[in-house]
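Dropping a structure here in structure tokens format, bear with me for questions.
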Amino acid sequence: MTERFVMLAPLALPLLILLPLAWAALAFVLGAGRGSRLAIAAAAVQLVLAFALAAAVMDGGPLHHAAGGWGAPLGIDLVADGLAAAMLLLTQAVALPLFIFARGYFHQDGAHPDAAGHHFWPLAGFLVAGMNALYLSEDIFNLYVTLELVGLAAVGLVASGGGAAQTAAALRYLFAALLGSGAYLLGVALLYGAFGSVSMVTLTPLIASASASAGAEAAEVALIAALLMVAGLLMKSALFPFHFWLPPAHGGAPAPVSALLSALVVKASIYLVLRLWLGPLAPLLTPLAWLPTLLGAAAILWGSWQAIHAERLKLLVAYSTVAQLGYLFLALPLVGVGSTGASASAIVTLQALAHGLAKAAMFAAAGIIIHATGRDRVDDVAGIAERLPLTLFTFALAGVSLMGLPPSGGFLAKWLLIDLAMARGHWPLAAVILAGGLLAAIYIFRVLRLAFLNLPEAMIEAEHHKARVVPRSAEWMAFALAAASVLLGLFGGLPLLQLVDGVGAGTP
Amino acid sequence: MSSALLYAIAGVLLFAAGAAGVVMLDHLLRRVLAFNIMGSGACLVLVGLAQRSGIPDPVPQAMVLTGIVVAVAATGLALALIRRLHAQTGRVDGKGEEGRDKGETVAGLTLPVPQAVAGQGRDD
Amino acid sequence: MSAAFAFDLLLVTLLLLAALRALTTPRLGQSLLAFVVFGLLMALAWVRLDAPDIALAEAAVGAGLSGVLLFDAWRALCGEPADEAPTAERMR
Amino acid sequence: MKRLAVLTAAAAFAALLIGALLDLPAATLDLRPLLAEAMPVSGVAHPVTAVLLNTRGYDTLLEIAVLLVALLGVVVASARADVTGDPGRTLAPPVATSADPMVSALARLVTPLAVIFAIYVLWAGAHRPGGAFQAAAILAAALVLLHFARIVPACAAPSRGLRIAAVAGFAIFLAIAALPLAGGALLQYPPAAAGLLILAIESGLTVSLALVLAGLFLLLADDPGGRR
């Protein structure tokens, strides 16, 4: 079994990109509302491929694939290291249950799919293809194209909600994304002008030697380029104070879309920030590591505060995303390993996975609740515990991971992060992490407390009457995501840390 | 100064003007123009800097062709969304966004509870 | 300064002026017109940069198709171009 | 106040960057000799086409995906607000007004010329400036002209046939990209067949790109939902 996995692995790099492109195109041809079964089957294959890739990377170190057979710097290289393999695994592991959820969510009436789901399948296919391509590419111009693919597909999905609010949110998102990728592109242009390459592997030593030699003009241009690229990506990552576009886009889209965007899409640009910051741009940016960290801390506090005061359920979940993304930036000044032997990037990856699974579950659960009540007010959650016990349990489980309670993946990530921060003497970071957990507890218990309220019998009867029932399969998929986020802390955490840190990887 | 460097410098100015326009302008069509000008600026920097020696470099030229296609794609999508927003609200500017975080006001108009119920509003 | 460089300097100046006009002129119709001119000047700049492929694409797409898209959108948003004045005021 | 801050920031940024660019030394690496070495096995004689469809063909593959995504987004945005779960509705009601006879005549005259010119530009791309994208842009322009002549109607949503045609070029590209995986890397053409494969990709792309580019316009031209 394992051997067959490893044999499959080198092909997994191109296939994880080609397969979703192919089924997205096919779903487009099939037409409005069609293609859900195709997408689910393909997502299952992709999940197997991602597992094979992760197993192979764990055993034998990073895998390479030279597109066109040229190799960098003339061609474009695909590289899967531990970090990329972990993110690919997250993407497929969230996509498969979410697709099954979306099928139930959009197709409740049987033959006639919901208008909001008409173009979900091809757009979701292109979105997944773009993210997979982003995680695998090591060519900064190719990454620009993948960023645009992800960005435009995400905007299309937000707009598919159909209402005026969604259109406005999609436009706001589009302009933020275009501004971000424009800044990134100018950075790429400057790096190409200064060094003559767009391959990260080729650029890394060139940038290092330029910034080492004092007074080199190339280093000055490279610094401006690095700042442009990172600023552009932070805009796309919705790091405070660039988060303005996220709550309306994630809070307004149909639930399966919100879940995809909050769990996966924002992670893609954050992954790229980390990859560049810890890779080729490290010599230029290391002195500035405190800046994103400061913004991350602000994001945790501000996002949680807004979530506590949100009036709409999905807006609450969206602001929770703003807060949880902040954690991913805390680790930048903590490069190196803590007392547990896990590196900062491994811990961040664990947090990204835990949040991805939990947030997908939470948006899915919120979608089911809103379907049942017909309204998106936090106050309308009242009494839901009796009607949707499984979904409420899902919401609570996802909340456990977001708050960072043991034994969840969120707990493991936050605990390791605190340990690392204390080992470096950065105790304010530890304090922010603890405060973030407490604030998360407030907004999550605010929902749970209401859900357990006892409504008068007559009201329950009336609510039942207008309830729109989401298929059981959708409820179970949301639960599976939440359970996975919790189980990640018990079983998945250590192998994941090893995967990212390359522990146990033999020399290739 | 070589001609190519001159174009690269013009590219920087165009980028700065375009970026400022995307941030500052109210009318959404103007923002689309600004975004296109910003993209053209980045493309000029890409080719201009690479060809400072005066010899054409096909690699950035091919990248710019890719960039132009992406820009057209983004322009088409932006215009479609702007027209939809106009059809739905009658507005074509990005004003009144402050209240939008609450999800109730969009483009200065008060809307019914957004169709977060995935377009289900019609039969509620 | 050679004649070629003088021409480049002139072209760059016109390019910047067209861009500024497209961004700042109060009337949207003129702004779109300036943008199409900007696209054509860009095509000329690509020729000067020995990039005829880009020049062709820019002329066809940057100035042509984008221009048509924008003018069509403008017509749809603001009614017929004739009653531009009242809407154009709101544009600012 | 905000305007002043943004303008100052933009001006300061431009001044800083231009200052840095003025004494930027020549790039450390030069890809031109590398590309020149690769040209004999690239399958084409024009370097830009070689980069676009061979050495960096993977970029182009994703770029076509971006265009398709934009088309999908436009389809989403032009769906009528009152759209019901009826995926069968395709064409918009025919346009009532008749076209300017001059425009009609012009369109009938120009279209065949545009097709011939597009084929030339496509074929020329192997040796000199030109190629699939430029040819597609010319065809798209012809389609838009035909729309103004009321010969091609605007669509609310593309029909099945149009969707197949719009995706066909991408599908051919995808298949040719995937085939070499049996023995090599993504998009690694055998040098002997490279020229032919690139021509096949470009021919498919020309038709599909023309439809997608024209689609961006024709879907938009059908005013979504009308003006309320």
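Read from first to last, the chains carry the letters A, B, C and D; within each, the first residue is number 1.
In this text, contacts are C-beta pairs under 8 Å (C-beta built on N, C-alpha and C of every residue); 3 or more make two chains touch, one makes a residue touch a chain.
In this text the structure is predicted, and so the values were computed from the model without any measurement.
**Q** Would you mind telling me which chain pair, B-C or A-D, is linked by more contacting C-beta pairs?
**A** Pair with more contacting C-beta pairs, B-C versus A-D: A-D.
**Q** Between chain B and chain C, tell me the centre distance in angstrom, where each centre is the average of that chain's C-alpha atoms.
**A** Roughly 15 Å separates the two chain centres.
**Q** When the centre of a chain is set as the mean of its C-alpha atoms, what distance in Å lies between chain A and chain D?
**A** Computed from C-alpha means, the inter-chain centre distance equals 30 Å.
**Q** With centres defined as the mean C-alpha position, give me the chain B-chain D separation in Å.
**A** The computed centroid separation for chain B versus chain D comes out at 18 Å.
**Q** Using the touch definition from the top, which residues of chain B touch two or more other chains?
**A** Counting only residues that touch two or more other chains, chain B contributes 8-9, 13, 15, 17-19, 23, 43, 48-50, 52, 61, 63, 65-66, 69-70, 72-74, 76-77, 79, 81-84, 86, 88.
**Q** Two-or-more-chain contact residues of chain D, please, as numbers and ranges.
**A** Those would be 17, 21, 24, 27, 31, 35, 48, 55-56, 59, 63, 66, 69-70, 73, 77, 81, 133, 213, 216-217, 220, 223.
**Q** Which residues belonging to chain C are in contact with no fewer than two other chains?
**A** Expected reply: 51, 53, 57, 61, 65, 69, 73, 76.
**Q** Go ahead and list every pair of chains that touch.
**A** A-B, A-D, B-C, B-D, C-D
**Q** Please name which positions on chain D make contact with chain A in the complex.
**A** Contact set of chain D toward chain A: 16-17, 20-21, 23-25, 27-31, 34-35, 38, 54-59, 61-63, 65-66, 68-70, 72-73, 75-77, 79, 81, 83-87, 157, 160, 163-164, 167, 170-171, 174, 177-178, 180-181, 184-189.
**Q** What residues of chain D sit close enough to touch chain B in their complex?
**A** It is residues 2-3, 6-7, 9-11, 13-14, 17-18, 21-22, 24, 26-27, 31-32, 35, 47-48, 50-52, 55-56, 59-60, 63, 66-67, 69-71, 73-74, 77-78, 81, 133, 213, 216-217, 219-220, 223-228 of chain D that touch chain B.
**Q** Could you list, by residue number, the parts of chain A that touch chain B in their complex?
**A** Of all residues in chain A, those touching chain B are 105-106, 114-117, 141, 144-145, 148, 152, 155-156, 159, 161-172, 174-175, 178-179, 182-183, 185-186, 188-190, 192-194, 196, 198, 244, 247-248, 251-255, 306, 311-312, 314-315, 367, 370-371, 374-377, 466, 468.
**Q** Touching residues of chain C toward chain B in the complex: what are they?
**A** 4-5, 8-9, 12, 15-16, 19-20, 22-23, 28, 31-32, 35, 38, 42, 45-46, 48-51, 53-54, 57-58, 61-62, 65-66, 69-70, 73-74, 76-78, 90-92
**Q** Name, in rising order, each residue of chain B that touches chain A in their complex.
**A** Touch list, chain B to chain A: 8, 11, 15, 18-19, 22-23, 28, 31, 35, 38-39, 41-43, 45-46, 48-50, 52, 60, 63, 66-67, 70, 73-74, 77-78, 81-82, 84-85, 88-89, 94, 97, 100-103, 106-107, 109, 111, 113-121, 124.
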